[in-house]
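Shown next, in structure tokens, is the structure this report addresses.
Letters are used for the chains, namely A, B, C, D, E and F, taken in the order the chains are written, and counting of residues starts over at 1 for each.
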């Protein structure tokens, strides 16, 4: 009995957080360990079904690098890297599309249904959702897409009909050529187009820290105007620079706030949303 | 951190219960200690706002005997009792209406709003909701109403517009004469008319017990066909007889199940709905 | 037969007036003799049901000073007056809320239903409709509310569902403390928020007159810019000053026009709306 | 002032009748003197606009024999009669269609608009509303239609969009050949298809009378089972036999009741609907 | 088999044109030979039903000069012409209204239904659609209307309910007096009010030609700014001047483009809409 | 010009066929050569976009055996066959799901968009659409699904929002295990659940023939009651037996009719739907 009372208390304490996000759109960029480890994966699915039931509109965006690599390997295809970044030739683009939209995506749809949720798996090609051109950077990375337009109608159709939209980060250009898209970039573009209340980016780090070796030095909140200084100081560095930068751009384009959370913690999404302090590093304007 | 993880786990464990009652109508007959004690009262309000947020359609039906008595006393009016039951003369009926619909009811509405919920306070007169005739029993109890018809449109209008309907158990006859109505009876009639998923009746006892002195002898579930035998054996006795009998009638008329819970336990409603074992005595068919 | 022909002629003559107000919102501030005298009361109810049937959206706002006084007296509570204005202590505020929302209001709802109309009785607490702060004037009058916000959704919900909203002029502050509100002020605030076509204020005088002793000197129409001059000249004086002033403010905030009519005349509302000349003093912009 | 009070009283007395027919469909078969005399015509238009405003759904069905005759005459075309009934050859059918749908019909539409109503003029060809075959009787009357099907969607579309549907009684067969249709028959068929609350048939007689020379012998109500006996007795005779018979058939097919009123009385429709006794002879089941 | 394959190919080639006009409003001004010759008439009807089925919203506007003349003649009424333009006296206006709205219009409705389409025949009087004043020109032409307002609700009601609106070009002034209206003018006014995608005007010429004797000199496209120069040069001359001028005005008021096509070519409407080059002379901005 | 006239004539001749299938659901089972040959593939896409534009609701169901085989081969995985039927082990099931839902399906979606249509690619896992159990036959074929339930809401959601649903024939059991499903079976089950007007099955044969060597012996129509006899006679034989049998079952469960067409003919779908004689062998009841 004591246990059930504690349980009730916890539920009641969640009340103000539920009220805060009621009927709001939250985009979750799903990736890293939380997508590999089975326990974490199940916890994420449960979190998302729960959020849906309490009236929060969750959109899941995912990539799936490791699965692509493993399929390429199974097909005996050599991966090519330029300056540490994968070069996406035509075959790789096609395999990436197939693996993300046909395997990773549908597997997530299936998991949602096993938790009694309702999901629809889509990719950037469905309903012409993500329209890209070839990304033009210093280095030619092949068929990597630069998002030109996001058509939200397939996503809002799913949300309005009570389905959780799960979106694989691939797109196509005007000629129907398939492109791989960075999942962070796709999530930011989708969240901007939906004018999301929050973008939750699941990573494998604790968050941004003043001192990488000291978990207690976690920075809870950063105003987006302070980002350049933090980059200069080296506190934001390496792979976090483009990730943070795309969040900043997204916030400037309509996302209300973005948070980087540690996907290695079970139920990290719920903890982030249902506590005052949150669990990761929040970017706000 | 450990705490927030526990919290998340509890939330996730609530998932199947939320799914079970999603979009279903639950009628709560509110009364007894849970309506007098301030801590319990606040807990009930929080429970109801939470249920509303997770997509459950809650209707609150209440009486308020003690408040009527205290107002009559303040007005210097003597109460008359016949065989232990209050005799409701014309003035008493009018005072009951005023106190229930104008004081108790609006106070509950106000409490819901202080918990960031949205409520509308109604009584059986609004929209012609509860139409009564004079109750004809062995003893003449005055203006006590026998419900002839429940018009649900004011209730469903409130639910469809996102308001929690809070309903004072008074009604009127064809000539507009006001009548006091037993709150248990009103709750059953409303729940039947709404074909509610569940009627939760808040009382000041632990539930039905094989041995009244032994709380561990609580009977968790009773098939309504077994009620006559339990009455005969004296396990259902005294004031519980009409209460249980009206639940049985309600289940025969469209309520899916009814449960008698102990309103003295904080968050009893949540515990009842969000656990397998429940907290009181369930009547089912 | 001659009679029925006259009747038909009258109905046909009403045609242009019905067309004028079709589907428009009219707020009636109900009070004075028309609320005390039973014949007048019934006539008002019939008028309102008729207006509703011909497609006019009527909202009734009422106070009920005499009923409050009589209840306080019944409870043996002394009334306190400061400069002729009632001082509302905590108990008085609570009694006012109870009497207005639980007795006067529900009695009006019941009368509408006896005339085959459909009404819902609400007060400023329902759906958080009237949010107040303590009125700060030269004299401290206790719990008398200064309206800060009107939430119209409970009112428009009732109108859209075919119910006449009847509203008791009480409100609450952020902490849920109940306040008495001047019914004229409440009616003006509600009519402004609804951008009403007309505010009809029922009083116990013939209207504004050039010479108070000469009923033929009734002023039919006043442009709101001429009000200050009329106050200066003493033609608007005493209790009419705040009443007229709040109408002027309301017209500036969205009410199309306001009219003060003599509630002592049977069917005054119909006569006002269904004749060219009207029956009282019209304020317009 | 006295006058306006009388007026208000009349309006209030109309209340129960308005309530009775609120949102109900009433089909008026318009014809005879009320369609020729200008004063009567204007009165009918006003009646219909008023009924529409108080929420009654009026459908007007009309013929126009005299206008057809006068056009044929203007065209120098001889009319042919067989046993006193007009023979409708191909040219006559075409002229009838043109005159009814293009002149009489649009003139009525125009009159409604001059009374600030909104009307749409249709004929049996619009939306395939009235589908006929050649009437097969003892005598061949040429292109006179026997109604096979009524498609109500053009009528309900008009009603749902706030337009009064005014319908000329012509139809077409499968090959598009135009046919003249008896207006009484058309009105009955339309009222049946709409399951009308009432069919009002405007004639040039006082109603059915026990003694044709004594207006006081008017029969107010006839159960349709008593019609055969009244025909046998000669109380229903001549042209009234098919008119009454088609009403009886209509009542058997879904019209709630039918009434024959004296169109020579100004505002006969309003008097019929807004008085207990009515004005003509009612047929009921 | 070869034939059916060709047929399929043709259908597929129509695809981009269908997509271009999908859900767009196209107003067809119907007149000239295409309205007299039976083969052409049937082809027009088929074209319109087809366009409706592929999701294009077609509105047909028509006059009917020859039919008016022939009816006047049948009635033995002399036509009066001033400078070659018909003078419309009161009788002529009435006859015009009757013939256009009652004969020509309903005949077109009937033809649509014989092709399994659904149409509603309206004129400018229905729903107060076309409100006119007397046209004031150099010469008094009698009851010829100058359009002051177009009320589109009867037209959009028909379109939204799946009916093709067929509109006779007559109107009325405030007093209900009927007026004849030039059908080109009416079509332009209706197309402007509907903000039509295209106005198709059916004429009896090949289009505008550089050299009237050389069909190969057809001008396919004219920018409306170039119209004055073409008039000056005499390439647009005679009766084409007001026709073209009203198109130019319409384009300035909201029509996207207007095209003059040769109604003597079977299926001219389909050919115009479903080919790149079109068939007539297009006016654009 | 002559060409465009022919084109218009063809379009007009399609009219009755368009009317026949307007707003009806047609399920196309896509497979064989029409899915391999690029010219045929493009023709099918154009046909489907055209059907959608003329108001026909097309659902595309596909398998993709050759693509699965080729992927398995690329992964170096040996295919196992039992009695000529592929054995689907766990890896094969997973690869089949990935290839069908991620490659074949999305490629079709992309082609529809390149023809300016709008499509959504789904598989049996999305929205829990196809729920299966392990197929129990004489031979164990591994993870081949026996359809237990079709949940149509994801399909009708797509249709109602203007998207063409393209469905890969894979499903899952209660535990989320993925299963390969015979595409014919899936198409029949989906068409039955949608109560489709027609199921079009694209094959690589001319249809059912009395004499397989004589194309002129094509059987145009077969009543489903005659199927057993045709099987007995050997006219329906081999792989056609289960294909025809599942069509017969589908017709018994709600499909109106089913047709087997020769996918090797360009625009076979259009020819089938838009001609009286059709192109293949029709099964009807």
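Note that contacts are C-beta pairs under 8 Å (C-beta built on N, C-alpha and C of every residue); 3 or more make two chains touch, one makes a residue touch a chain.
Since the model is a prediction, treat every value here as computed from it, not as a measurement.
Minimum number of contact steps separating chain C from chain F: 3.
Hopping across touching chains, the smallest step count from chain C to chain D is 1.
Interface note: chain E and chain F, two copies of one sequence, contact each other through mostly matching residue numbers (shared numbers exceed half of all numbers used).
Rotating chain C by 120 degrees superposes its CA atoms on those of chain E, with the angle stated to the nearest 5. When chain centres are set by their Cα atoms, the one at the greatest distance from chain D is A.
Of all chains, the one whose mean C-alpha position sits at the greatest distance from that of chain F is C. Mean C-alpha positions place chain B and chain E at a centre distance of 68 Å. Computed centre separation for the pair chain A/chain F is 35 angstrom, with centres defined by C-alpha atoms. In terms of their C-alpha centroids, the spacing between chain A and chain B amounts to 45 Å. Put simply, the C-alpha centre of chain A and that of chain C have 56 angstrom between them. In chain C, no residue reaches two or more other chains under the touch definition. Neighbouring chains touch in a ring; in the direction leading from chain D to chain E, they appear as D, E, F, A, B, C.
Of all residues in chain E, those touching chain F in their complex are 4-16, 18-19, 22, 43, 46-47, 49-50, 53-55, 115-116, 265-267, 270-271, 274-275, 279. The touching residues of chain D, counted against chain E in their complex, run 74-76, 94, 97-103, 105-106, 109-111, 113-114, 118-123, 125-128, 153-154, 157-158, 161, 163, 172, 175-176, 178.
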